[in-house]
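What follows is a single structure, written as structure tokens, with notes after it.
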Amino acid sequence: MMRDLSVDIAGLTFRNPVTTASGTFGYGEEFLDFLDPGQLGAIFVKAVTAKNRDGNAYPRMAETTGGMLNSVGLQNKGVDHFCREIYPKVKKFDTYIIVNVSGSTVEEYVEVAEQINELEKVPAIELNISCPNVKLGGMAFGTVPAMATEVTAAVRKVYKKVLMVKLSPNVTHITDIAKAVVEGGADVITLINTLLGMAIDAERRRPVLSTITGGLSGPAIKPVALRMVWQVHKAVAVPVIGLGGIMNATDAIEFILAGASAIQVGTANFIDPQASIKIVEGIREYLERHKIASIKELVGALRTE
Amino acid sequence: MVFKKNVEDLTVIRNLRLNQRHFLLELQSEQPFSLLLPGQFVQALVKDSPSTFLRRPFSIHSVDIPNKRFRLLIQIKGQGTRHLSLLKEGDKLNLIYPLGNSFSIPTTKDVLLVGGGCGVAPLLFLAQFLNQQKIRPVILLGFRSQEETFEIEEYSKYGTVFITTDDGTAGEKGLVVDHSLLQKEKLDFRKIYCCGPDAMMKSIARIARWHKIDCEVSLENTMACGFGVCLCCITPTDKGNERVCMEGPVFNTKRLKW
Amino acid sequence: MMRDLSVDIAGLTFRNPVTTASGTFGYGEEFLDFLDPGQLGAIFVKAVTAKNRDGNAYPRMAETTGGMLNSVGLQNKGVDHFCREIYPKVKKFDTYIIVNVSGSTVEEYVEVAEQINELEKVPAIELNISCPNVKLGGMAFGTVPAMATEVTAAVRKVYKKVLMVKLSPNVTHITDIAKAVVEGGADVITLINTLLGMAIDAERRRPVLSTITGGLSGPAIKPVALRMVWQVHKAVAVPVIGLGGIMNATDAIEFILAGASAIQVGTANFIDPQASIKIVEGIREYLERHKIASIKELVGALRTE
Amino acid sequence: MVFKKNVEDLTVIRNLRLNQRHFLLELQSEQPFSLLLPGQFVQALVKDSPSTFLRRPFSIHSVDIPNKRFRLLIQIKGQGTRHLSLLKEGDKLNLIYPLGNSFSIPTTKDVLLVGGGCGVAPLLFLAQFLNQQKIRPVILLGFRSQEETFEIEEYSKYGTVFITTDDGTAGEKGLVVDHSLLQKEKLDFRKIYCCGPDAMMKSIARIARWHKIDCEVSLENTMACGFGVCLCCITPTDKGNERVCMEGPVFNTKRLKW
């Protein structure tokens, strides 16, 4: 029997629920030696901001138990460069290209979203609201519900296609933020971004990262991510895309059971650049073994009675 | 340069302990190599080491193209390298390779190779490669002590070898930068290739600049992916922050903000 | 040269900075086969509540990458039982016995604190404010600054010795909560308690824990814990006791550099019941190697210039 | 009962593969044992298995007190047990032991031991122990198939062995609870000791209750510590939630909320 792996995400039909997380898949090109993007449900490309950003100073990475910290800091060449240089290449991939949009002010998010809106082959953007708000002194948009609503609504006005908003897990009540972005007009919620962490080199008595703190990713954070996907899935009506430490098909199934309509593979790409396509295969085997016709049956199907 | 990156389980055909801290892994591939160039590196997956989450980068130390083999020269630093030191003949080692750019082909025959610590690793492959271009480089290698020297005969096949040791038990005493070869008023080299600790490479770069000699260094860096997507391994250059794993690891020192 | 390992915590002199985390060390007795409590700076015993609590249903544990989830749920026989049955035994240990006090209402915290205040050999309590407030519908005291101040102040009124307050990491701004408990009269801040997480059994399509979500501990959370200790140490003037994933002396030194005056060993006790005393030894070696006379010199001594 | 718990590196002196899923580890201690009792277990540290964070509990399968040795019988379930199955002679295995209570000494000679799956593990030690008390129990063991049976002769030394297999390739076909021994109107036993999957133990407990036979079971449970401090391993009893690792793993079924 054929197993149906396709999922519907706010009107887009992904051929399977497996996508790749922003910042861990470059612009896709770097993976062409390893896989065919056409085998993935979608790819989420690296954050794009209004202007060129150099990112943070080196060192930007620290390994931790079951994970890593990064402080890349949105290094990218800006939205013009993306549209001119990157888009012509990535638009050829036989999968959805979704652009992760970042900024430091509402205006910047809007500016980038407006330009990406013009790109025919980009059916959706993912607003990354974990970035610091420079105007408000570094507070992140993703941690205050009213601000989350505001930035989402502002982008919603100019962006005509599918609007995804990616949440930060560094909050007391993730469901409040989720409801706030839905109120602002989000079609889809992605979670989680990285947990704020820190690493210290005891011998040198220094922080490992140039920025002292950074974002924690990898299997270490999976339990937190699963919990938030579960909470948000129950709290809002829009589809959820889940991620955080997914390394294999079993992890992916767990997120889907918790309520994710699709998943993203992040840090796992570094350890096995073919992780994402192996996960597609593993999900197919799971459906086979459990005699489930469609992956859609599993979304949020956790048995808690 | 176009080559395809592979993710492959290679077979360990030899694990030779050179001394307390260094070992050589000889690896057998199943498939013919795409182009391998000196300066390129691999990302090795360390299995069964709970404290080693990410892959570990190692330079290609020497190659045997017809037999589909190459070697890694590894210094034991932490858990990851300690685990690799336990690999046995017949074990598999999963690598992503080849990664990174390479040392450039020199336009002169007056070439000096300078290496210190595990920074000597890529220089053997480079010397092999230069020999194919009919160049016999001078090779200056720095070790801690006589006890820690290794493969001198191997390097000697491809060039004239000088060594220094920290304690003077072999070659000249001191650091490579202090070797008499580099103290002359006018140096005989038109190109220097260098790999080793940052401080050493910076000193060599200074000497090269002083003598107006073209100099390339292979940078170390903490890497998460090794193939250009994480942007963790950057170094500031004349073109902004560049990726050591893609635009590097080899950089001409002119381009670095040193 | 003798290395001085002693630290001052709000007037108490711990013989070394190594203590054991509540809920991971029982009442100390279970460890007598493995170590001499007299070699530790202090021991923090299992949470005590006003009345007997059965805790949550089985299963209460799930293993995760580099950590574990638990949903023990404050199982204990109540404060009367503690004073009558446990205290006479633990008071003989040649170290500070610090009681972790939990509750569901302000009144319960106060009631327990009052009774513990009478125990001569208990020089301090650690208020565990990560518990749900039953009156306010399950919201935790540790997530709302005003509530954190309220419960701390109420206990402060009746509790005459050293008052430590243990914070939950599941908040947006840990420094706000830290300042709130200092305002309420806390002498010392302990952090972090567990991160809220979840585990799913993909084959059975069920949550692993009877309570669906539980508390994540172990090295997986160390980066988050270090970050919070660093933030809180900079934000408040009271001493900080740091914990979260400490497995060895290097981890302990990292917390001390980040600003912890003492540390607690938690989940590590399960894997190596002698972890705490090995950490004492390892800290001594570190001081030796770095020629540092007193561990006090390292508290908050992270070089960030 | 007072005995001291140890944390000790024991030496693997034998790792015997019994079949695809089961193996026996024979371990050598350096020091004489404090009292070891049937039903007690160890907590084993699995090294170099990134997905195995906590220790793994295993019953003591049989003991050789004079030689300071005991054995574990282990079924491969996941990563932890798979790693242990790779241990070689001479390797070290760090254990915390002995843990838990033990089967009680029976006041009767009419004793039945029932085990299924890896639940047979503690029964060999128990049978040895009963023999010392001059009791020769009847031993009923359940396996998947002929292929998976093991150590029948070993058990036969200490009692009369009956077996069942799921597929009928050895002994009676079916589950242990369906064995003809248990189908009689009146059973000849005054005490049953049982260990195996929950469902099996519950069925045996029901049969025992029906026939008014005293019954003890050894419970499995997910454990974080194994020595009573984490309170993760509880089971509801007539005294509230009790710790399987301390008040158990052996419980009289009268006391359980089954």
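Lettered A, B, C and D in written order, each chain numbered from 1.
Everything below uses one rule, namely that contacts are C-beta pairs under 8 Å (C-beta built on N, C-alpha and C of every residue); 3 or more make two chains touch, one makes a residue touch a chain.
Everything quoted here is computed from the prediction, not taken from an experiment.
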**Study point:** For subunit A paired with subunit C, centre-to-centre distance based on mean C-alpha positions, whole Å
**Key:** 34
Review point. Can you give the whole-Å distance between the Cα centres of subunit C and subunit D?
Key: 36
Revision key, fill the gap. Per the C-alpha centroid definition, the whole-Å distance linking subunit B and subunit D comes out as 55
Check your understanding: Using the average of all C-alpha atoms in each chain as its centre, how far is it in Å between subunit A and subunit D?
Key -> 47
Revision key, fill the gap. Flagged in subunit B as touching 2+ other chains are 50
Review point. What are the residues of subunit A that contact at least two other chains?
Key: 62, 64-67, 218
Check your understanding: What topology does the chain touch graph have (line, ring, star, complete, other)?
Key -> ring
Point to revise | Every chain pair meeting the contact rule | key: A-B, A-C, B-D, C-D
Check your understanding: What residues of subunit C sit close enough to touch subunit D in their complex?
Key -> 23-26, 30-31, 33-34, 46, 54-55, 58-68, 70, 72, 75, 218, 267, 269-274
Revision key, fill the gap. Per the touch rule, the subunit A residues reaching subunit C in their complex are 62, 64-67, 69, 143, 170-173, 195-200, 202, 204-207, 212-213, 216, 218-224, 226-227, 230, 245, 250, 253-254, 257-258, 286, 298, 301-304
Practice item. Can you check the complex and tell me which residues of subunit D touch subunit C? Key: 4-7, 45, 50-55, 96, 221-236, 240-241, 246
Revision key, fill the gap. Interface with subunit D, subunit B side, in the complex: residues 48-50, 83
